[in-house]
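Next up: some structures, all given as structure tokens.
Paired with chain B in one complex and with chain C in the other, chain A is shared by the two complexes that follow.
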Partner chain A sequence: MSIIINLDVILAQRKMKSKELAEIVGITEANLSILKSGKAKAVRFSTLEAICKALDCQPGDILEYTKN
Partner chain B sequence: MKTHQLLSILKFIFWVLFIGFLIKAGALVFNFGWSAWNPEGANNIYLGLDLFELRDASIGQFVSVGSLLITIVSLQAYIAYLVIKITNVGDITHPFTQEVAHLISKISHTALTCGIISIIADQYCQRLIKKGFEIPLTWGGKEFLFLAAIIFIISKVFQKGIEIQTENDLTV
Partner chain C sequence: MVKIKILLGIITLLIVVYILHFLSYFFLADYFAEISKSTESKIVFGKYNLVIGLIQSIVIFFGLIISFKCMYEIIKRGFFTKTSKKLMYVAGIIFLFSGLVALSLDSIRLFNSANQGTLIGILFMDFLLALIGFIILIISEMSCIGFEIKSENDLTI
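Now for the complex of A and B:
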């Protein structure tokens, strides 16, 4: 897929664990893992908003487009 | 009435149908086999079905009619079994699975087979009736073809449902 999820990088920069983020955002760790691994088919705006709020970043910091 | 209760009632009904068809198929196999050796048995094969005239005239045609009837009843039993399987594997909270789609598709193919065999049997019996034999059987081939077509459309809709559910499951 040409959309890359940089959630791992942002989490490392913020020194936050996945479990912690999942709790703040209100999604399961399994769903967060789906998002991190790039298996997700879609991301809800509400989830994206909660992630950006928790990590204090912009959607563009998490999502990146690359040409195949 | 709740869906769960309705499904339980349907499951019970299909168990009754399945056992009924199995008993019918078993009785037909036994009685046709018995009548092949003992022509008097053809007077009452199953619930008053009288094929004595046909048995007396030609054992080959008698066995052919019997084989077609047993095949159709067996296929009906198999359809009832597949419906029971759907109620066992199906989860009403998560209904769209490949297994259920496969079973629905199988029901459609079995109903189509049943319809084709019923039409062949009907044509065969019509020919025998024209020859002067009395065959008190109704086959209902067109109804099975109609059923097969409807179930085939449902299986296609179900496939689309699986795609949507998968997408929904992978939406974070």
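Now for the complex of A and C:
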């Protein structure tokens, strides 16, 4: 996939666990894992907003485009 | 889901009727053989009518079994699963094929028979079977699209 999710990097920087983030955002750990692994087909703006709010970051910090 | 369960019940009933129909071939073999002998000179396909009828029944029975499995899968796992869309497609093909074959054979019988009134009614039933098969094929295509949309939705976080 051309869009890379750098969630692990931001989680490590914020010293937050996936389980904690999932609880704050309101999604299941399984769905967060799907997002982190790049298997997700789409992300809702509401979810992205909740993640950015929880991690105090910008969408560009989490999402990266690469030319494959 | 209630409608699917009702449909499953109807299909189950039809399967039971067909099983009894097949059992009758064994228990009333002499009776059918006698009828076949007495009518073979009067009707098209002669002594082969019994065999043709049996093969048609077996094909439709197989279609009913596939339909049963499909309905059961939908009740168990919901609409738009990989298995249910495949089973629906197979059932549609079987019923369409059976209907078209029956339509062809009964059309031949119609042109060679004096009892055309009854045969026209049977032709209409064959056409309905083919139409049901075709409708099931269309529904299976919709189920394919539904499966894709559901998969994408499941992977939308």
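In this text, the second predicted complex is superposed on the first by the 68 of 68 C-alpha atoms of A that agree within 3 Å, B and C clash if a C-alpha of one lies under 4 Å from a C-alpha of the other, contacts with A are read in each partner's own complex, and residues count from 1 in each chain.
Definition applied: a contact is a pair of C-beta atoms (placed from the backbone, for glycine too) under 8 Å apart; a residue touches a chain by one contact, two chains touch by 3 or more.
It should be emphasised that the depicted structure is a prediction, and the values quoted were computed from it without experimental measurement.
Enquirer: Please tell me, clash or fit, for chain B and chain C sharing chain A in the overlay.
Expert: Clash: chain B and chain C overlap once superposed on chain A.
Enquirer: Tell me which partner A:N31 touches in the superposition: chain B (first), chain C (second), both or neither.
Expert: Touch partners of A:N31: chain B and chain C.
Enquirer: Touching A:Q13 in the superposition: chain B (first), chain C (second), both, neither?
Expert: Neither chain B nor chain C is touched by A:Q13.
Enquirer: Please work out whether A:S46 is in contact with chain B alone, chain C alone, both, or neither, and reply first, second, both or neither.
Expert: Touch partners of A:S46: none, neither chain B nor chain C.
Enquirer: Going by the contact definition given at the top, which residues of chain A touch chain B in one complex and chain C in the other?
Expert: Dual-contact residues (chain A): 27, 31-32, 34-35, 39-44, 47.
Enquirer: Can you list the residues on chain A that touch chain B in the complex?
Expert: These residues of chain A touch chain B: 27, 31-32, 34-35, 39-44, 47.
Enquirer: For the complex, give me every residue of chain A touching chain C.
Expert: Spelled out, the residues of chain A in touch with chain C are 27, 31-32, 34-35, 39-44, 47.
Enquirer: Using the touch rule from the top, collect the residues of chain B that touch chain A in their complex.
Expert: The touching residues are 166-167, 170-172.
Enquirer: Using the touch definition from the top, list the residues of chain C that touch chain A in their complex.
Expert: Touch list, chain C to chain A: 151-152, 155-157.
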